[in-house]
Amino acid sequence: MLTGIHVVMIGGDARQIEIVRKLSTLDARVSLVGFEQIEAGFIGVSKEEMDDIDWKTVEAILLPVGGIGNDGFINSVFSSNKIKLEAKHLKQTPESCTIFTGITSNRLEKMASQAKREIVVLMNRDDVAIYNSIPTAEGAVMFVIQHTDSTIHGANVAILGLGRIGMTLATTFKTLGANVSVGDKESASLARAFQLGMKPFHLDDIKQALKQADVVINTIPAKIVTSSVLTEMMQHAFLLDLASKPGGIDHDYAQKRGLKSMIVPGLPGMVAPKTAGKILANVLSDLLLEQTRAQ
Amino acid sequence: MLTGIHVVMIGGDARQIEIVRKLSTLDARVSLVGFEQIEAGFIGVSKEEMDDIDWKTVEAILLPVGGIGNDGFINSVFSSNKIKLEAKHLKQTPESCTIFTGITSNRLEKMASQAKREIVVLMNRDDVAIYNSIPTAEGAVMFVIQHTDSTIHGANVAILGLGRIGMTLATTFKTLGANVSVGDKESASLARAFQLGMKPFHLDDIKQALKQADVVINTIPAKIVTSSVLTEMMQHAFLLDLASKPGGIDHDYAQKRGLKSMIVPGLPGMVAPKTAGKILANVLSDLLLEQTRAQ
Amino acid sequence: MLTGIHVVMIGGDARQIEIVRKLSTLDARVSLVGFEQIEAGFIGVSKEEMDDIDWKTVEAILLPVGGIGNDGFINSVFSSNKIKLEAKHLKQTPESCTIFTGITSNRLEKMASQAKREIVVLMNRDDVAIYNSIPTAEGAVMFVIQHTDSTIHGANVAILGLGRIGMTLATTFKTLGANVSVGDKESASLARAFQLGMKPFHLDDIKQALKQADVVINTIPAKIVTSSVLTEMMQHAFLLDLASKPGGIDHDYAQKRGLKSMIVPGLPGMVAPKTAGKILANVLSDLLLEQTRAQ
Amino acid sequence: MLTGIHVVMIGGDARQIEIVRKLSTLDARVSLVGFEQIEAGFIGVSKEEMDDIDWKTVEAILLPVGGIGNDGFINSVFSSNKIKLEAKHLKQTPESCTIFTGITSNRLEKMASQAKREIVVLMNRDDVAIYNSIPTAEGAVMFVIQHTDSTIHGANVAILGLGRIGMTLATTFKTLGANVSVGDKESASLARAFQLGMKPFHLDDIKQALKQADVVINTIPAKIVTSSVLTEMMQHAFLLDLASKPGGIDHDYAQKRGLKSMIVPGLPGMVAPKTAGKILANVLSDLLLEQTRAQ
C-alpha cells in the first residue's frame, strides 16, 4: 500500500485515468493538476493548482507520456489551461522526491539536475517497452489485416529487428500462421528466431530476403529499407514502419514505386488506451512501492 | 491439368478473378459472361454472351458465391447487363456437366433437376467452410481490436460454438494471449476445448459463463444470447455475431442496455478478398480435376 | 453431489483409485470388490465380497478399463482372488442400474441384455478419447525423443489420421517446432491441417509423402504403411504405431529393412496413470450426476 | 566455400562427425587426430598423427566440447591413444590460426597466449547456447514425462531463470499446455514472461511461488531452492536441475524430505547427439567462412 504517500499528477490523457485509479486503490494521496474537465470521483484524489500544492510533502511527480514540451508547457487533454512545472516547485520538494515522465527532454533534465531530483524515464525502461509491445503488436496486426487483401495466415511476413517490440511482433505473426522471417545483425537474435520457428536472415542480406515478402514490419530506427531494397520487392507488398521518426524505410521511394508504406507511431495509445494506461499504472505503482519501502 | 476442358463462368466479384487465373493456369478453356468491364488478359479465356456459347462442350458452369437470385438474375460487379441462366442452356450441355454455385436456391434446384444436371454447393462443403474460417477469424480479430480499448492479450474472450468457424476462432484468440472460454453442448467439443487449453462450458450455463466476458463471439445460428444472459454481462463487453442471419444474440436488447454488439456477415470477402477467391479457385479446380479424371 | 448413491466398483488398477477418490468426494457410497491389498481410507467406501453386496440398492457397477475377460473373470491388480460378475447379481439391481466399463465384450453384452441393464462403454465415447489423446500425445513425444538422435524441432513428422488422437498429436508436434504433415482421406481434415499450419496430403499419395519423413506416427487402424511405402523411406526414419492391434504399419517388413518401428498401446496408463484415472473419474461422475438428476 | 582451408580436428565424440561432414561438404582440407576407430570416408579428410601434420598451413584447430583436460590430454571416444596439443605445435601455425574449443581451461589459455593464437570458446557464445536450448528443452520434457504420473498439460510448472535456456524451456512447456510460472529477478524478464502468457514471480517470492508447483526446472547456477523453500513444497513435486554444477537446488535436503529431485547435465548430447553436432558444425563453419573472408 501507498497509504498517505503524496503524489502530484500533472497533465496527460486517458492513460492517466488508469494511473489515478490504481494510486487511489493503493490509498495514495493524489493531487491532480490539469484535469478540470473530468469528474474524478476517486477516494484520496483532489484537483489542485500548481501554486496551491503543498510541495514539501510530495514524494513523486507524474508527468504525461510526452513529458515536458520544448516550450516548457505540459499537455493535458482534460484542460485548456497552460500548465508549467518550474524549478521553484521542485526545490520545495523533499530530497527523496522523484519525477516520473514518459520521455525526457533537455529542459526537464536541466531543471531536475538543478534541483537535484531524480528523473525516471518510463519509456526507456525495458519492462515498459516489453509490456507496450503487446498492444503494439495487436495494432500492427490490425493494420496488416486492413491494408492487405490476403490473410496473414500463409503470408510471408518479414520482421526487421528482434528487439523488445520485434520479439513480440514475430511471435504474434508466427502464431497467426504467417511464414515469418526475421532480419537482425546479432547472431544470438538469429539463433532465437530459429528456435522460435522463424527464418532468420542477416541484415546484410536484406535485399535478397525481402524479395518474396508480402508484408514488412520494421522496428529498427536506422534507414535499412533503402530504395535499392525496395526496388526488388513485389508490387503488392505492404510496409509498416514502427520505428520512431524518421523510421527505417525510404517511404518517399516506396510511394514513388507504388508500394503501400506507412509510418505508424503510438499504437498502444491508439488501439488499447486502457491497457496502455494500466501498463504505466502497474510499473509506476511498483516503483513507488519500492521507493517507499527503501526509505 | 484441365487442358481443353470448357468452363463457363457467369457473374461474380473480385473472387472470380482468382478462379479465372487458376483455371487459365491449368489450361482450361473459359467462357466469361458478365465481365465486360474488366480486361481479362488470361490465356484461354474469352468474354462471351449467354446465347453465343457452345453449350454442347461445356463441362462446368460456375455461378457466383451468391448463386442465382430469387428473380432469376445473376449478379456481376463487372457488368451492368441483366444476365440469366435458363433451363434451355442447361439442356444443351452434356450429361456430365456440373453446376458449381456458392449458395443454392429453390429456383436453381428446380432448373437443375429438370435438366438432370448435378449441383455442387461450395459453401456447404466442410473443406470450404474450414478454409474460410481463416479469413473469418482474422476479420474477427480486426473487429475486436478496433472496437475495444484493451488488448486481446489478457482479455476474457468467450467463443460460442466449437464448429468449423468456432475452432479456428478459439485457437486464434488463444494464441493471441486471450483467456478463451468455449460454450458448446457436445461433450466432445468441451473435451477438445479443454485439450486446446481453453475453459469449456456447457451452453446450459451460458448466463454464468458470460458474466466475466470482455468479448463474446457467436457462431451458433440460434438465439442463445438472450436478454436474460445480456442483463448480467459487464458494461464494457463487446459482442460480435458471426452466425448467419438472424444471428444468435438479442441485439435489440443489447443496444438498449448500452452494450456494443454487431452482426458482421461476409468477413472473408471483406478482409481478404484475394484469399477468399483463392480458396474457391483451389477447391473448384480440385473438383474439376477429379471430375475429369473420373470420366 | 452423489450423496448416498450406491456404486459397486469391481477390480482394476491404479486408475480406479482416482475414481474412488472422486466418488468419495461427491459423497457416494462405494462398495469395493477386489481391493484387499490396498488401504482405502476414503469416507463412504468399504471393501466387500460379491455375494455380500446389497445389490437392490446399487445404481452403478464400475468395471475396469479392460472390462470382463473372455473367461468371465475380472482383473484386479490389488487382489489375488478370482472375481466374477454374474447374471444373478445384475438381476437383483434396480432397473435404473447402469454398468460402466472401459471396453465391452460379447459376454458382457449378453449378460446385460438378459438382465435388461444398460452398458456404457467409456472408451467408445468421443470425450474420453479426446481427453486420453493428451497423455497419448505426451507419450508419443517421449518415445520420439528417446528413439531418435535429432530434435523434434526441425524434424519432418508425418501424422497419419486426423481423428481424435491425430488432432492432438499433430498440434503437439507442430508446437514443438516440427514440420508436421498430415495424411488423411477426408478433404475436411486436409483443410483443418492446412488451417493449423501443417502440410496436408491425401492418403493416396502416402508413398511420396513419407519419402522425406524423419518420424511417422500412425493412428489409422488399417494397413496403410505397406512394404511398398516403407521401401522408399529414409534409413534413419522412426515409425510409431498407436493404432489398436494389428496397427497400420507393416512392422515385419520395416524390421527387415532395418527401420526402427514400434507398436505402443496403452500410453495414457503408461506415462500418466494419475491423469488417466482422473479422466475416467471426471467423465464417470458427470454421467452419474446426470443419471441421478434424470431420475 | 572453404576450399583448401586446412583444419585440424583433434579428438571428440559423435558430434565431431557432423562437423567433419559439414567441413567436407564445404571443401575444406581436414586432418583428423584421434579417430583411428572410425572409417571416415569423407572427401578431403585424412587421419594423421600430431607430429606429421603440416602445421604451417593450419588455419583452424578444433578441440572437443570438453576442450583440453587438466592433465593436458585431449579425449577421444574413437581412439585409445594419448593425444596432447603442445605449444610447439601452435607456434608453427600461421598467425591467423584460431583455436576453437567447447569450453576453455587455464592450461589452454596459457598455451594460446604464449603462442599468441586466438581462442574461440564455443559454449560461451550466445548463439550456441540458444541453439543448444532446443535439445535441452526436449530433454527436460522427456525427463518430466518419465518422472511424473500426470500429464504436462494442466500441470503447474515453474521455470527458474528466463535466460537463454529458460526462455526455450518456458515456451516449450507452455506450448504443451502447462501452467507455466517464471521466476527471475529482472523486471524485463518478468515482463517478457507476462507477454508470453506465463505467470511471472520475483525470486524474492520463490517460497510462496513454489508451494503449488508440480514441477520445478532450474537454470540458475546459484543455490536458490533452499531447504526453507523445499519444506513448503508439495510431496509429489518433481525438481529438475539443469544449472551447471553444483546446481541451484538443495538436493540433499530434497532427498531427505522424500521429494524427487535430479541434476541432469549434458542433455543435448544425451537426447539429440546428431542435432548437437550439427549446431556446432553450423556455427563453426560460419565462423571459419567469416575468418576466411576477412583475410
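Each chain carries a letter (A, B, C and D) given by its place in the written order, and its residues are counted from 1.
Convention: contacts are C-beta pairs under 8 Å (C-beta built on N, C-alpha and C of every residue); 3 or more make two chains touch, one makes a residue touch a chain.
If you're wondering where the values come from, they're calculated on a predicted model, not measured in any experiment.
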### Message
Given that chain C and chain D are copies and touch, would you call their interface same or different according to whether over half of its residue numbers are shared?
### Response
same
## Note on the structure
So the chain most remote from chain D by C-alpha centre is B
## Note on the structure
Rounded to the nearest Å, the gap separating the Cα centres of chain C and chain D is 39
### Query
How many Å are there between the centre of chain B and the centre of chain D, using C-alpha atoms for each centre?
51
## Note on the structure
Check: chain C positions touching at least 2 other chains come out as 134, 153, 177, 195
### Query
Given the complex with chain B, which residues does chain C contribute to the contact?
125-128, 130-131, 133-134, 167-168, 171, 186-188, 190-192, 194-196, 286
### Message
Using the touch definition from the top, list the residues of chain D that touch chain C in their complex.
### Response
134-135, 138-139, 141-142, 145-146, 148-154, 172, 175-177, 271-275, 278
### Query
Where on chain B is chain D touching in the complex?
153, 177, 195, 197
